[in-house]
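Next up, some structures in structure tokens.
In what follows, chain A forms one complex with chain B and a second complex with chain C.
Moving on, here comes the complex of A and B:
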């Protein structure tokens, strides 16, 4: 978790009952919505693409040490279920111990990557996946260091729209050609 | 022999005539007075109107001036806010001022009900108003203006109420639904800390336990209070509306309003 500038916590993070799942249904809805927003913003700020539940439960995200308040394991699960339902996260294993966080939807990533390829005249040129997410040309792009699985989802999107052709997937030199 | 005493028809007629003259004179005088009065009233109205027109900008811009003007009007029994069609509204565009303010207050209240359950301190409304308004103009809004505008909103039905906190301080309640005296007193008790506990209510308000429980349960059910189960000894009941006001004061940044605006997932990309 590389932190660049300080993350701006929402006011709810300083509001003690935020860390107790509310019983009143309306209030609980508001609370879960705020938690979802916080998880996404936090992941985006820290460029987190996937998280381990055990790790998340003990991280500052769900623990406010200053207030001495933490969201319980049950609470964390409730928040994650809400996020899953909103298709903002996706569990990566059947045991549900790890999940992807989509702070941008794959199709939004897809558009950004395609835009970059157009602007840098990479159309019709084979590129390796490594070049896109770890190459020197993309160090300033927001998709630099993007996780492979999310990148694949984005590229599949583009392929469906006939704007990209995937090559050698699963092989040594995984690549893509934007058209 | 002639006597000084006049008798006969002529005398009676004479008497009648005199009485009539007195009556006529009386009517005339009363009429003159009435004319004079109505002239004075016209003059007063004209004067107030001229005053209003001459100081129109001042009245609109300067909140203190506005308040004095309001007080002056009410002392002569005129309510410039009573109608949007009266000459007061015309002379001042004054109705407009409060109607506009009213609409902005409604907007603020509606856009924050999901956070505070529909109650807000007047102070916070004012902070928010000033923030949204400062982009376009510099005029200040006073607490008095807000109270007047909210008071006018009652015309729309019982959606908007002022809940007195004591000491001339108010909460604006923007959800229909009665807050009983008990609920108001709980809010009043919570004002400083932004939370209360059942024990505190029992101790300070000298209520029995069921009464405290029922008031708190109602406030939780209505979304006005959130429960915190992680306090050391007992459940704390927190009020976002009161908490936010303190939070705004402690961190002068606009992050609160930003986070309020970004609460919905509409702008999620």
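Moving on, here comes the complex of A and C:
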């Protein structure tokens, strides 16, 4: 979670009531909206693709040391439920301890990857998955270091649109061919 | 507070009076026993009340007490009661004429069965030499034995229990029942050891019981008197009203002030409105309005129901209202066109509030307060408005409900901020 440049916290982060889930329904909606935006922005800024709930609860995201306020475990769960409802996160296990954060939705990733492949003339050329996320050609792309599960989602998405062909999945040389 | 004080005062008085009576009785007992000193036996003593823990082991009727070999006795027929400490014999013809033979004087005993010639089964008891200073029927005797003759049987059981009681020597552990028997129990033994503690507990228990009984006597009398007092005050106020002309204005005023100092001069009571509850509650509602309007107006325009209950009963002094009646009366406020009304907060808290203090205006007022302080707790609002914390909290919650403020629930407590989420 190395921070490249200082993350700009929203004003709500310095507003103590932000760390108490509000009782009044209208207020609560606005609050959760703000939390959702904060979680996504924070993940995007720090290039976080997945988080552990226990880890998240203690991270600075839900803890404001300066105000001496933290969102309670129940509060975190409420926020995560809201995010899940909006399809911005997805739990990876049945125990709901870990979740993917889609600060870009898989189809958005898919478009970006396809765009990159078109621009760099990789169409009809088999590529390994490793090359896409960790290769030298993608160091400047936002999907560099993208988690495998999310990459797979994006590629499956492309395959459904008949713009890519997955090869050897589960084998040694997993690859994809953009068409 | 004052009620409690007077309560304990009365019970103390009662206890003191009882003490005096007991002492008087004890003295008269002693005098009686001196008057009876014309009979034979010297180990037997006149009866004095034993300790409260003395337990009856066995009782036999138609028992005579004979000294030595003598065939004549003054104690022909009576009831012998056996306890762990002594035998108490009570004359059948005069139950107040009672003798005591303490077990500590017994050296040995034997049982003689009923024969053809004797009048009944006998228990012969060999006794020690008398202790000096004992108060008994006679001061000297040539015999060392006493016969207990059981004319109607029962000697077997009595003998067995008597022997057992003497063998156990309980009087050495606990105090002697008959103070004048000169038993081995000395006065410092009375209050030591487990038996001493037990005895003291039993005494305290007895005393408490008496005090409570006495106190409740007083209470019921007080209640009766209170009823009369109300009746008197009512009749006086009626008289004052009807004879306005005859009594001078000054006197009337003075009289009224006396009555007022007792509380409401003419309280609305249920008995005057038999069978018409709603009318009764409406009159009560009127009374509540009169008593509380000024107070509520000056103190934040709101008053929680428990406070209403206390204030109205404080004002009445007597003929107190039940909580249910007060609540029903508050419900009737809206029917009598009173400036007050009963309001229920969403949390269930009931208040009597000014009709003019509608929810919108209080909510705006609350927001203003919170904005001024930037953040506020229920305590601060309560202090600022002179209302109770519960009411302040209700107001804050109402303002929160309408989205004007929002909460911050942390270890510092529940604070409220102006709602910036909805800006």
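As a convention for this text, the second predicted complex is superposed on the first by the 179 of 179 C-alpha atoms of A that agree within 3 Å, B and C clash if a C-alpha of one lies under 4 Å from a C-alpha of the other, contacts with A are read in each partner's own complex, and residues count from 1 in each chain.
As a convention for this text, a residue touches a chain if its C-beta (ideal position, glycine included) is under 8 Å from a C-beta of that chain, and two chains touch if they have at least 3 such contacts.
Just so you know, these numbers come straight off a predicted model, no measurement behind them.
With both complexes brought onto chain A, simultaneous placement of chain B and chain C is prevented by a clash.
Residue contacts after overlaying the shared chain place A:104 against chain B, while chain C stays out of touching range.
When the two structures are aligned on the shared chain, A:34 is found in touch with chain B and with chain C.
By the touch criterion defined above, A:69 lies against chain B and chain C together after alignment on the C-alpha atoms of chain A. More residues of chain A are touched by B (comparison of chain B with chain C). With both structures placed on the common chain, the touch criterion links A:7 to neither chain B nor chain C. Touch criterion not met for A:143: it reaches neither chain B nor chain C.
Of the two partner chains, neither chain B nor chain C is touched by A:91.
Once chain A of one complex is fitted onto chain A of the other, the partner contacts of A:19 extend to both chain B and chain C. Listed for chain B are the stretches 98-106, 224-232, 242-250 or 260-268, of which 224-232 clashes with chain C, judged after superposition on chain A. Shared interface residues of chain A, touching chain B in one complex and chain C in the other, are 11-12, 15-17, 19-20, 22-24, 26-27, 30-31, 34, 68-69. Chain A makes touch with chain C in their complex at residues 11-12, 15-17, 19-20, 22-24, 26-27, 30-31, 34, 68-69.
By the touch rule above, chain B contacts chain A in their complex via residues 114-115, 117, 195, 220-221, 223, 226-231, 236, 238, 240, 243-244, 247, 255-256, 259, 262-265, 268-269.
Those residues of chain C that touch chain A in the shared complex are 375, 400-403, 406-410, 415, 417, 419-422.
Chain A contributes residues 8, 10-12, 14-20, 22-24, 26-27, 30-31, 33-34, 36-37, 40, 68-70, 86, 88, 104-105, 108 to its touches with chain B in the complex.
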